[in-house]
Amino acid sequence: MTNPKKHLKKRLSREKRFRFVTFLSLAIPITFLTFLVGHIFYQAWPAFFHHYIDLEINAADLQSSSFKESNPDYRLLTRQLLEKNLEITATPQQRRELPRMLSPHASDDLAITLEKLPSSPTTPYIVSLPTSAIIDQYMTTGDNSKLTANQQQWIAALETQEKINRAFDTSFWQSGDSREPEEAGIWGSIMGSFLTMIITLLLSLPFGTAAALYLEEFAKKNFLSRLIEININNLAAVPSIIFGLLGIVVFLGIFGLPRSSPLVGGMVLALMTLPVIIIAARASLRAIPNSIRQAALAVGASHAQVIWHHVFPLALPGILTGTILGMARALGETAPLMMIGMIAFIVDIPSGFTDPSTVLPAQIFMWSDLQETAFVEKTYAAILVLIVFLIMMNLLAIIIRQRVEKKW
Amino acid sequence: MSSTAKISVRQLQVYYGSKQALKNVSLEILPMQVTALIGPSGCGKSTFLRCLNRMNDVIESCRIHGEILLDGQNIYNSDIDVVTLRAKVGMVFQKPNPFPKSIYENVAYAPKLHGLANKRDDLDQIVMTSLEKAGLLAEVKDRLKDPALSLSGGQQQRLCIARAIAINPDVILMDEPCSALDPIATAKVEELIDELRVNFTIVIVTHSMQQAARVSQKTAFFHLGELIETGPTEDIFTKPQDQRTQGYITGRFG
Amino acid sequence: MPNLTDHIVKSFDDQLKQLGTILVQMGTMVESQLQQAIEALISHNLKQAAQIVDQDHQIDVLDQNVSQLAVKILALRQPMAQDLREVVSSLKISSDLERMGDYAANVAKRIPALPEIITNKQIISGLSRMGKAVQQIVKNVLDSYINKNTDRALQAWRQDEEVDALYTSIFRELLTYMMEDIRTIGGCIHLLFIAKNIERIGDHATNIAETVYFMVHGSHIQGERPKSDHTISNAYSNPTTKEKLT
């Protein structure tokens, strides 16, 4: 006979230990997750900002001998403006160093700005031009290993005049991919993802829901229907790259659809999402209590009326939640798209479903291969954007579930 | 008792797969009275009830032999439209099952479905009359737009009755309508059944023998898929002829 | 009536059994009260008579017990069919038995009032015969209740005709005595009441027989009970009037 008091003490401490172990199992992944998200934030932050040099322009600059209205040389104008603002006359050596202060597309920006202005401005005008990657790098981190002595001097001069400053980088959001880090943006891949998702949604939601309705409401429960059910469940677990192979063979090979296009990407991802949606839709159809069906049948509703008036509207929030989660998964998918050529260097922003394009996770994958510090930052920034999109989709799913779902 | 039967069931046999649920049941259900079906669980009384408006059609393995004549017409004939049949033979279930919609929409659903009202006013009229007949109007007339699920269990069940009578059926089938209700709500539903008897033929399945005794004029006792005994309710409960009936209603069933 | 199995609820069976036990106890007491009353009448034993009057109280208490238990069963068990008939019948039987006990006590109460002369007369043996006949009916009725045997009940029900006949003859005999000697009128009236009381006990016993029949079959005995009490129809000289007042 053991001492009951001792026994109780032992039991209580066992329960405490068990509780602690379970808590620890939760605490470890949360710590890692926090670290990961924090790291991404920290790394991504600089990519959202860029350093700009303010240059003063007046009418005289535009009428100078070297600047011709008919065939304007903006590269030359940019350099001249830098010289004027720094109050120097550049030597041939300095003429090579000066343009490297600014981003290679700074002269394009200048051109766009000037075209918007009235033909001959009377008052001096300030234009902000993006710095080059090495200058931005130096300004952010103080790493001067890639700068010449002249360049360092000029920056110091500009800093004293407060003509160099940091601002939100809009071009990151507005441009497509580029070899130059300061020109590379994610708008192209966001558009690509968006177009792809539209195709995926348009294909997988109606087909998935209809298939689920057939399986739940009409199919006889026999060997064949069970076989189909098992296969759909297995399909949801098939490695996604297999779907990419299917895309190559069927969509590109047999149908001859355009490579790298959101159309094909969307179709491949729809195939992948379809089983997820079917499973979610079936689950939410099955969750509708039989009593509702019987109630409708008993007042003389036909089978189709029961489905359209009662079962489907009640199941819709569940179906939508499942769809959003499936879409979120598709949004983060890269492997199947690799097979159909959507992981590619595409500069143009896609404007239609058949334009070649890439998607956000593919963009991240490609940037992560590049060595420049600026690309590392952009990689993290793109990851952050992707995560925000995913969180937003999940939030939407939660909101739909809470707001629209009815209890019975 | 001289009037002809509303529903005549003749030699009904029902199988679920290979299992026989009803064996050669013949029963006359008389108009404008309450017929109670009693018997232990699994005796086939619910199966019998569901045959009367063909709710068993939904079950794949269910096979039915024999005849069920509603006003002299076999409801299992191939030319009978099951939707029209169910408009004539309404049903109320064990658990209150209002649609997750407003009180008004619950009652208006069936009339709209069968095109009984062309104008909004007509529909309002039908909803009001049905709620009135179901004894619910006074309690809900100020909140017709409220969700039906905000009502109490007893009110929900009376709403289901209102929904069933909104299309003015001939027969109302009730499958243990009070088994999920408290005694007060049960009493209200029983009172309602007694009032509805004037206009409708009612068939009620119940586990409570007291309830069968209180609301019905005729009682049929089922056991193991057979109809053992049927007769006026007072006879069944005071001097049943069959030993099995006697055993069941006095609480001696093993 | 074939025996049913026990109830699923055991305590229900116990209560029904208890009800039966009290009734049998009451019946036994009534039977013994009647027997003793007739003995006391024959032997003119005043001490025994007083004892009988005292004991009547016990039967009344048992009647109340039956009422209480029956109401309790009705309220708590909601009996149906056979059980319902048993409980309702027990209420009727118990009140019949209680009345029978009262009549027996009433017989005993009148014994001291009888003058010695009358008690020696032949009339007492007539009363004793009638008493025996009623005792037999009561015994049959109780047996039929205990065994749920309707044959015994019907037998008892028919035996009452004999009692009625005996009562008629006693009535005529006493009428003759009273006409012969007006001094005997007081004693004869007491004897007449005693005879009437015993006859009433028989009537209540037939009531019980009818109740037992209803309890077992759920229906009433078909047809009129054979009757031989002609005292009333004779008195009014109207043989077509079927008397119902006895």
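Brief remarks follow.
Letters A, B and C name the chains as they come in the text, with residue numbers starting at 1 for each one.
What we mean here is this: a residue touches a chain if its C-beta (ideal position, glycine included) is under 8 Å from a C-beta of that chain, and two chains touch if they have at least 3 such contacts.
Please read all numbers here as calculations on a predicted model, not as lab measurements.
Among the inter-chain contacts, the highest number of C-beta pairs connects A-B. Remark: the per-chain Cα centre closest to the mean position of all protein Cα atoms belongs to B.
In this assembly, the C-alpha centroid of chain A lies 104 Å from the C-alpha centroid of chain C.
Averaged C-alpha coordinates put the centre of chain B at 52 Å from the centre of chain C. For the pair chain A and chain B, the distance between mean C-alpha positions equals 59 Å.
Residue ranges on chain C touching chain B, taken from their complex, read 2, 4-9, 12, 78-85, 217-219. On the side of chain B, the complex with chain C involves touching residues 209-210, 213, 237-240, 243, 245-247, 249-254. Residues of chain A that touch chain B in their complex: 220-221, 289, 291-292, 294-302, 305, 309-310, 314, 406-408.
Against chain A, in their complex, chain B makes its touches with residues 53, 55, 58, 60, 83-87, 90-91, 93, 95, 97-100, 109-110, 113-114, 149, 160, 163-164, 166-167.
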